[in-house]
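Heads up, there are several structures right after this.
You will see subunit A twice below: alongside subunit B first, and alongside subunit C after that.
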Partner chain A sequence: MRLFGHRFSIAALIGLAIIAINLLGAVLAPVIAPYGESTPVGDVWAPPSAEYWLGLDNLGRDMFSRLLYGARTTISIALVITCLSFAIGIAMGFSAAVVGGWIDTMLSRLVDTLMAIPTLILALIVLSVLGTSIPVLVGTIAVLDSTRVFRLSRAVGLNIAVMDYVEVARLRGEGLRWIVWREVLPNALPPLIAEFGLRFCFAFLFIASLSFLGLGIQPPYADWGGMVRDNAQAINFGGMAPMIPAIAIGQLTIGVNLLVDWFLSIHSRAHGEGA
Partner chain B sequence: MLGLIARRLGLGLLTLWAVSILIFAGTEILPGDVASAILGQSRTPEAEKAIRDSLGLNRPAPVRYVDWLYHFVQGDVGKSLANQRDIAPEIRARLANTMFLAGVAACVSVPLSIFLGLIAAIRQNSFFDRFINAITLMTISVPEFFIGYLLIIFISVRLDWFPSLAMVSDDMSFGERLYTVALPAATLVMVVLAHMMRLTRAAVISVLSSPFIEMAILKGIPKWRIVLEHALPNALAPIINVVAVNMAYLIVGVVVVEVVFVYPGMGQLMVDSVSKRDVPVVQTCGLIFASAYVLLNMIADLLGILSNPRLRHPR
Partner chain C sequence: MSAPASPTDGARNPPTKTEILRIEGLRIEARTDEDSPAKLIVDGVDLVLHRGEVLGLIGESGAGKSTIGLAALGYTRPGCTIVGGKILFDGVDLRSLTPEQRRQRRGRRVAYIAQSAAASFNPAKRIYNQICEGPVRHGLMSYEQAKAEAIQLFRELDLPSPETFGERYPHQVSGGQLQRAMAAMAMSCHPDILVLDEPTTALDVTTQIEVLASIRKLIRVHHAAGLYISHDLAVVAQVANRIMVLRHGKMVEEGEADQILHRPRMDYTRALVSNREGKAGHMGATAGGAAPVLEISQVTASYAKLAKVVNDINLTVRKGETVAVVGESGSGKSTLARVITGLLPREAGDIRFQGISLPPALAQRSRDLLRRIQMIYQMPDVALNPRQKVGEIIGRPLAFYLGLSGKRMRERIAELLRDIDLSPDFADRYPGQLSGGQKQRICIARALAAEPDLIICDEVTSALDPLVAEGILDLLGRLQRSHGYAYLFITHDLGTVRRIADRVAVMLKGRLVAEGPREQVFAPPYHPYTKLLLSSVPEMDTHWLDGVLADRAQIRAAAELA
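What follows is the complex of A and B.
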């Protein structure tokens, strides 16, 4: 298999397979899942059996079915967050790089201050004021995460903004929109695509951690971080129940990381250092 | 060099100030203020006005900010909304617990990661080196609570060596405390170890490829002396930097780990207060965590300046 004229490495293929399986599971959850998202079907924390592949959870719901529905919620929310943070970050970053001047200075100082505080701490402060709901979660994490996208797209944009073809476009009298969309963006894609994978991992782990803390996605929706929290008590009785959603979280991030590593390696070889 | 240090200190203080404004503004600009948070569902305009008056919420925001910061610096951080008690004593006790946990984790992880990183650098591409690579990918991919529960299952439940709940109290001796926080500290160590180890390795390897190292090899100096006396001092600045970044990361990791092990620290308090929407407590915890983060980053930069003789003795 090839992409952009490069062969996939074995690690990249594994990563791709993991991502594909997860996406399929998420999209086809209602078709594949043997039981409902929140219907109790048996004893609390029943061990895995032929009937219930991964056992039952703290309320006697089927773990495998919940895992599939959880993939839906968790992955889709993480994707929305990442897309939103990229939209904000890229728009701001490229504008700062192309326009420069006081807009650049102001945005950069604001981002510096935001990045001086750990993201989790800032998110907790916002959640304490606004309460926990999915729009608030998505908005907060997207804005906080866009600071990193801003840094990268500004740095990449600065390198491209001094190129001759951008100068030509400027002299031709093209506006800011044209320069950003038609000149800068296409040439900044490789590092941004890799960053998209990493930011997705971050958003995904972050939303899982918040749900684990009880501040993320609220029941009755199944989500992987919340499932770890719900089943945490099982550990004291020797059960493995909380490990199943925790492993689910780990495998997807490992998969995305494998693919990103491969993508970075082909682009560092093809174009030299950086973008 | 004094000028450089003074400039960095000034920048650190400026950042702290900006952070305090941001945290204050975060709870101000956003809709739904403290008064409506106290009243919740049962709010009437009259009750809201009464509470606003008693809390002084009618004064302009800059006045309240100065007032808040002035009291915060003096250690008077106000009252909790949930139970109307002073926050300060509880925060103080919990801050001590959190510092203890993070301190133990730091004391173990820093020397261990530098030591292992050095070995990996000396034995490049060996089995040990590749093993570290794989472990790093694992630890950055799984959330902190995964490692925590893994340790609980194997070390606490199966082997029964350490307690799974880290309940500390004031009348415990130092040894007992260490025993109780063993598992949460181990979790934190594992969270930061791999990253520090890898960057130590990268820093030492990049120094090892420079010409003066080749010179030392040609002179016949034993390998361990080359690494310890020639490579390590030159790799010190990046290592200090990565150590500080990870110590700062501990601040965030500690929040999740405290919840996993039900440890009575500040992270747990903050999470509880967020779900109770107890804004003053969250504000205070947030400002303390953020200050620690800013301070650690500043100390890292200062140590980086001090460890570099080229910056220490300007011409």
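What follows is the complex of A and C.
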């Protein structure tokens, strides 16, 4: 299998497989899941058995089914957040790079200000003031994340904006939109795609930590971070319930990172050797 | 400036026939990707180098000359592997050594001088630190000794104030001086072999002479052997005892420098030689009385209101005419192009285009005005968006200016591609799949697509191999004759100017010092600066450098005064 003219490494294929399994599980959750998302089916923290593959949670709901539904919410919301933050970050970053002058200064200082405040604290403030609905959650994290995308796309864009082909477009009389989307963006894609993978991981880890604090996705909907919090008490009784959603978070993070690592590696060049 | 080499040391001292390097049947493979098939870039090359002898390696890009030069250091570029042959350095095959043993030889016994000194020096360290690093690291001398040695080398290389030169940082010295500092760095361990990879190519003609003279002197004083890599036969002829012509990784012919220049045996060498000698000729029909397309009067411009980069320029370009603007780097010739296109708004004066005054800034110009002035760049690699297909690159001006789309656009693209001697199926390729010359042709097609009246050509041939450049100039000439374009041709290469220009304007420090029909500007009485430029163009004569160095000091002084 090839992408951008490069063959996948074994690690990248493993990463790809992990991501595919997660996506498949999320999409097919209603078909695969043996029980409902929020129906108690047995004893609290019942251990894994042939009937309940991964055991039951703190309210006696089937862990495996909740994991599948949790993948739905967690992955889809993280994806929406990442896309949104990239749309904002890229548009602003490239505009700053191409136009320069006071627009660049203004946007850059605004981003510096946002980045100076710890993300989690800022998110906690916004969410406690506006309430924790999913749109607010998505909007808040997307805006906070877009500051980092802005930094990257501005830096990459600056290098591309000085190329002669961009000057040719300016001399032709092209507007900002053409220059950003048709001249700059296609050449900035490799680093941006790699960053997309990383930011996607951060987004769902961030949701997980917000859920753990009770400000993320609200019950009865399942999400992996929230499941860790709900079942945290089981640790006291030697139960493995919180480990299961934690492992789910871990494996997807690893999968995405394997793919991103491969993507970064094909865009860096090997060094020379002896005869 | 540089002290002319004395006639005695100028005479090519007969090399003492001790062999220092012997390469036998060298084969080097390159692969761009781990699973793409390997390509043989050096195919069975043999060469012998004796102490005190300079061998010139000549060829176009892709001929494998740099790869051979690096192989002499036991090194290959990333992605390249030596697959066959022997590299016998003083009797020892470098391929049989361990990487550590090879490393011990590099810098100490064989040293490398690269094309771009600016890219080879660490900008954050003083020149001394970088020059003394070699001998100190190889344990040859103490830092103080190395420093004393460096001062001696600076003196031999005719660098200004040799005692303090090394205290400076790389950005504090000129390009030509930095190139010489790199020669000093390479010489610091007194190596047996110097590999010189196009050491003067990035320099202006007037600077090139000085660096060339210094390097030649250094090689002779230290009795080192040299591999001189260049694409310019005339330059190599000044330094080399023998010349080897390479093409596609194979040797075409080898011989004494004089023999290659005057009695080449192979057709390919003959083509290189005749191309370098150049033939004077007109590009288009001379259009003495044709209507002026561009009239520049008393134009002045500067960056950030500092020194005037373009100062009080008057110039007229007529329909069907080629006007060449010549000058060294920093003379303001490219800035003049930026002022005409509106990228740098002029501060004073007027530019009239077909009788209409051009608004100073790009943003104030109408789309139709923009269409009528097109520009072609020096580096086709960065002038074409690597992520757009050729069809898209040429198609955009068609859609943007002329509103073409669909079938009519595809037909026009095919027509334009045929005009530049490429087949219409090139429309589906990406620039990365094209050669340098093909890329430059695409840039020309993009300019033609706008149906312009004036085309500004900014050093369009200087990044290309001589024979490819020739093809581009022929194409531009043919297009001018059939379509009547006016060309403003910016270049530092007087050979090109002689071939194509109807009129010539010579720029020095932002001002025009001479302007007029080509025959007039390039014939006595010259402006002194024109004379300096003309005398700096290397000629196909092994004794040219000796001759020109003699009366150089006076010419330079006269040019500075004028």
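Structural remarks
Keep in mind that, in the parts below, the second predicted complex is superposed on the first by the 269 of 275 C-alpha atoms of A that agree within 3 Å, B and C clash if a C-alpha of one lies under 4 Å from a C-alpha of the other, contacts with A are read in each partner's own complex, and residues count from 1 in each chain.
Please note the rule applied: a residue touches a chain if its C-beta (ideal position, glycine included) is under 8 Å from a C-beta of that chain, and two chains touch if they have at least 3 such contacts.
Please read all numbers here as calculations on a predicted model, not as lab measurements.
Of the two partner chains, neither subunit B nor subunit C is touched by A:Pro135. Using the contact criterion defined above for the overlaid structures, shared-chain residue A:Pro186 touches subunit C, although it does not reach subunit B.
Of the two partner chains placed around the shared chain by superposition, subunit B is the only one that A:Leu205 touches, whereas subunit C remains out of contact. In the superposed model, A:Leu171 lies in contact with subunit C only, and not with subunit B.
In the superposition on chain A, A:Thr113 contacts subunit B only, with no contact to subunit C.
Of the two partner chains placed by the overlay, only subunit B lies in contact with A:Ala246; subunit C stays clear of it.
Of the two partner chains placed around the shared chain by superposition, subunit C is the only one that A:Met163 touches, whereas subunit B remains out of contact.
Subunit A is touched at more residues by one of its partners, and among subunit B and subunit C that partner is B. Looking at the shared chain after the overlay, A:Pro220 reaches neither subunit B nor subunit C. By the touch rule above, subunit C contacts subunit A in their complex via residues 33-35, 71, 74-80, 82, 87, 94-95, 99, 102, 341-343, 362, 365, 367, 370, 375, 377, 379, 382-388, 396-397, 400-401, 446, 450.
Chain contact summary for the complex, subunit A toward subunit B: residues 112-114, 116-122, 124-132, 201, 205, 208-209, 212-215, 225, 228, 232, 235-236, 238, 240, 242-243, 246-247, 249-250, 253-254, 257. Within the complex formed with subunit A, the residues of subunit B that make contact are 15, 18-19, 22-23, 26-27, 30-33, 37, 137-138, 140-146, 149-150, 152-153, 157-158, 164, 248, 251-252, 255-256, 259-260, 270-271, 273-275, 277-279, 282-283, 285-286, 289-290, 293-294, 297.
Those residues of subunit A whose C-beta lies close enough to touch subunit C in the complex are 5-7, 163-165, 167-168, 170-174, 182-183, 186-187, 189, 269-275.
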